[in-house]
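Listed next: structures, encoded as structure tokens.
Below are two complexes that have chain A in common, paired first with chain B and then with chain C.
Take a look at the complex of A and B:
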């Protein structure tokens, strides 16, 4: 039933319900907004609700935040923006290519090949570290290079055992997001420090953080984009194939423009994930590339519960995403495919 | 020269064979229609010519080139799809010119080709519109325009008119025929609509379960169907079939069904049918050959179940013995349901098929 079909009192009840829900969802935001304008005394003195009536607004929290008394605010904001935008762009770009390949081409992967990779990678590392006396970093690199070479080589040979298809590959991607991120964050930190010991600094660098975010956004991007690509009419691409359009041009010139709403939605979701991410940023950064969630959380621990400062920092973390979502949702209009078929 | 030749081409998906070895030669400049019920392999055959499906075995040649292993883009075919498959984010002009642009043709040449195609297809006024601002018929014309500018060796049409309404379909039918006459290019056209096949083709290839049942010009298909399948598939309303056997009755032959319908066979036909005496056969007669009442014509009693007045004539639908039977009767006949009418049968237009193999006999 549509709301438009409601008559008389029903309409008013529906409106009242909607307004109640609106108030419910908006109140926390409102509370954060006014708290950021309260003086320390105003916060601890008991609840006040309306600026200029209940309490006299003060800019002290914002002054402290913007003047840098509360941590490297500008630096953090810029780091968050750069890492967020570049990681989501990269993840969307790489992930949509992978998703397209998984939709349009059939892959066959022997289970034995995958097992071989795992065994050689882990076994090689253990042997290198424990028996050959290599350091962690080099033995890891050697083991993975050996495992990859062996896996690629063995996939060309006839191997017994079950063959995995595209859906198995997608499941493998998505399964990376099934375990708690702390598992990966800890391992990643150890790996980054080991690589750092080899002379390639990754902890608290742009490359290290972006790389981690791209890797951890890819499963979601692939999963989402696969659905969008599957919904595209294959005939449009076939028409281009018959017309001798090269595959890369079909992808960039036809497939990507057709899935623009999907790309934007996926970019938005990835950006939100990266922007709000806390755990990896906590492990993998220390000062130079710290992100906003760390800064916001830091407000709590440094000098006790200073809610006015926390509120100002939280608002700064929220507002860019609200603006981004507002701009991008306009581009996410549906009906872009209209006219392609039927 | 753009002859298309399929030699012993097979196709199987996984372990399922959809096309047993198939041989088909399509002459240069010929308009060939592949027709058959859904799942008969006609679209798969077309897609194998286009290169969108790889033939499992066999050889496909276009002109004197062996294209079996070539990718679609190198076969110099153009394909028009049932659902148009336009690029939705490009204008009509960009849609038509995209292939040329990708191949690096100069802007002036593209413009010339696009405007020429637009002129042929009456699309001039719509060149700057996006496909979603076009009607179904216009969209299909854009798709045809995209095919024309390629100047292909072969045009491939995959049920291009199925999504259009009935009136537009008839218009486009004529347009495509005129286009063929003007462009003089080989066309392979797939449809499940036998009327489309009959009206457009130089030669119709009737397919069933991946096999070619008969390949001939439309009139031959209609008058001399090679077997039961073709006889039943071609013609609307479709041919009536009575199962029975041929029997010797004195010097003459007669056809008799188990439930007593009796059709004497005139001497002009009996000579070639004599071999089949005693065998179970199927008699086929088209509804349109049951209308002329000549005294010498044999008649069949038909119990009418329904009457369909169509204007030019009326269809009486009922049963002859136990078999379904549709008779065409003159318009304005005072027939109502539950009547039993005697339907005259034109003996020269009767078809006979062996029940065991379905093969036509007596011609």
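Take a look at the complex of A and C:
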């Protein structure tokens, strides 16, 4: 028994507090579960609490939902699953690579190079759009390519001025989360429309939505995975380096297997984020790749307060995440998330 | 340890490129349009207005009202989340009986889609058919206007925020508590320090860095609150529960006033940055004292 374990009365007070909080946490979930089994009349007749005792459960809401009377339910579920799984898988893979590089290697970026990139990107866009009469899409693409080429080229030259290090790069990644999502979503929608006019359809496609989700998950992935990698003992890698094992094999053969718990936790947190996301899905999809949160929100606006149907739809969005919570807490108990923050 | 190897570029470039591509366009687009008068409906040709949008916004009482509402919701909700979350994390860390079940249960709300949470909240808070009304009727208060009167509605939104995001605080603080060394507590127990003294003398100071990070993240995320309010009250009654993001949504997608919306989002960004900087500046001396 640990020294910090509670003794005597304190233990029971803590238990009482936890039970109270558990009741607060569970009641809404319990409520939505029983409401989905109520008949329309049972809902309107006032609140009832225990199935078989004060109301007779009915499957009508579920029948309506599963028979497709409430919108393209199966399609939406499949789309949500495909986008969620692939976006979180990609984000975890790409983000871990970047996080590993940021932990184990030194990066140097001149402040001037970064400024050059921003100025050329802005200026190029404005010139292309206003003076050369290009559309927004092409002028953006040209400006971006020009800015990137110049920035990469300028990093070869010895520029004066302050140097940005690894922690600044991490901060830049994380700071992307501060930008108000509403603007990002709308601007992204416009960008996708412009690119669509150039021949690549991105609005309401698998690639468009997944790409957006990967990009917006990367900051979280990098932030979490960096801490996991920092907690790993470096000696194993050093031993491998002495044997001249190439870095990519150290990463895939040694580092990734060692950080499996961290990878799983990060993957699941990302999946929850993508699965529940509302705003981007609202702007970037219309029918084919619509996701569950949109369908759930739509239940309310289309038919009014039909709580039995809304509850059933909400449950479909909730249940996969409940299963995940079980797995995640298993990981938590075995202390695998310890390195997640420091 | 750090080493040098050209392969590091292969590792970092995919992530760098993706985030660059997807973040630079919203930035360029909204910054340029924030200096223009641009409406899609009715379509008028874009016109350069300099800081006109910004000046107009800063003089608009609605903007200040919305910023105030958002701050009230964010600060109260995060404060409650932190206090409750810390208490629960302490209890779990002290091996309260049945903590295995509590851990699964306490994690759940965080993983539920905010849209679904808001819809469930609307059912529970329904003034005639909801279970909360039933409960309040027993206490002698029937048909309270949970979502249709300003104070109740803001309280309801805060409760939903607390319900949904306290698990995040619990998760992070519990992970932090588990890394604290045992020997300090053994020494304190030898000195007969009371649990209260142990908390303020050892646990709280040692948890300060994590606490600061957790509160910071929650504060920034809370300022972006949108889907919950959108579904629960739609900003009403009137504009009394409207938040910054919802205001931007109304201006941008109901009125298609893009220049104004972009300016609003940059003011929003500046606002959050100021709060973040002030917050970190206030806490910095404490953080350094305990290092």
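To be clear about the criterion, the second predicted complex is superposed on the first by the 306 of 342 C-alpha atoms of A that agree within 3 Å, B and C clash if a C-alpha of one lies under 4 Å from a C-alpha of the other, contacts with A are read in each partner's own complex, and residues count from 1 in each chain.
In this text, contacts are C-beta pairs under 8 Å (C-beta built on N, C-alpha and C of every residue); 3 or more make two chains touch, one makes a residue touch a chain.
These numbers come from a predicted model, not from an experiment.
Touch criterion met: A:238 reaches chain B and chain C at once. Residue by residue along chain A, chain B and chain C are tallied for touches, and C comes out ahead. In the superposition on chain A, A:198 makes contact with neither chain B nor chain C. Of the two partner chains placed by superposition, A:109 touches none, neither chain B nor chain C. Once the two complexes are laid over each other on the shared chain, residue contacts for A:89 go to neither chain B nor chain C. Overlap of the chain B and chain C contact sets on chain A: residues 238, 241, 246, 335, 337-338, 340-342. By the touch criterion stated above, chain C contacts chain A in their complex at residues 1-5, 7-8, 10-12, 14-16, 18-32, 84, 87-88, 90-117, 119-124, 126, 128-131, 133-134, 163, 167, 171-172, 174-176, 178-179, 182, 185-186, 189, 195, 210, 213, 220, 224, 226-227, 231, 244-245, 248-249, 252-253, 261-262, 265, 268-269, 272-273, 276. Within the complex formed with chain A, the chain B residues making contact are 50-52, 71-75, 77-79, 81-89, 98-99, 102-103, 130-134, 136, 139, 143, 146, 150, 156, 163. Every residue of chain A that touches chain B in the complex is listed here, in rising order: 233, 235-236, 238-246, 249, 253-254, 257-258, 260, 335-342.
Those residues of chain A that touch chain C in the shared complex are 1-6, 10-11, 14-15, 17-18, 21-22, 24-29, 31-32, 35, 43-44, 46-47, 49, 94-95, 97-98, 100-102, 104-107, 121-122, 125-126, 136, 140, 143-144, 148, 173, 176-184, 186-188, 190-191, 211-212, 214-216, 218-219, 222, 234, 238, 241, 246-248, 251, 272, 275-276, 278-279, 292-293, 296-297, 299-300, 305, 307, 310-311, 314, 317-318, 321-322, 324-326, 328-329, 332-333, 335, 337-338, 340-342.
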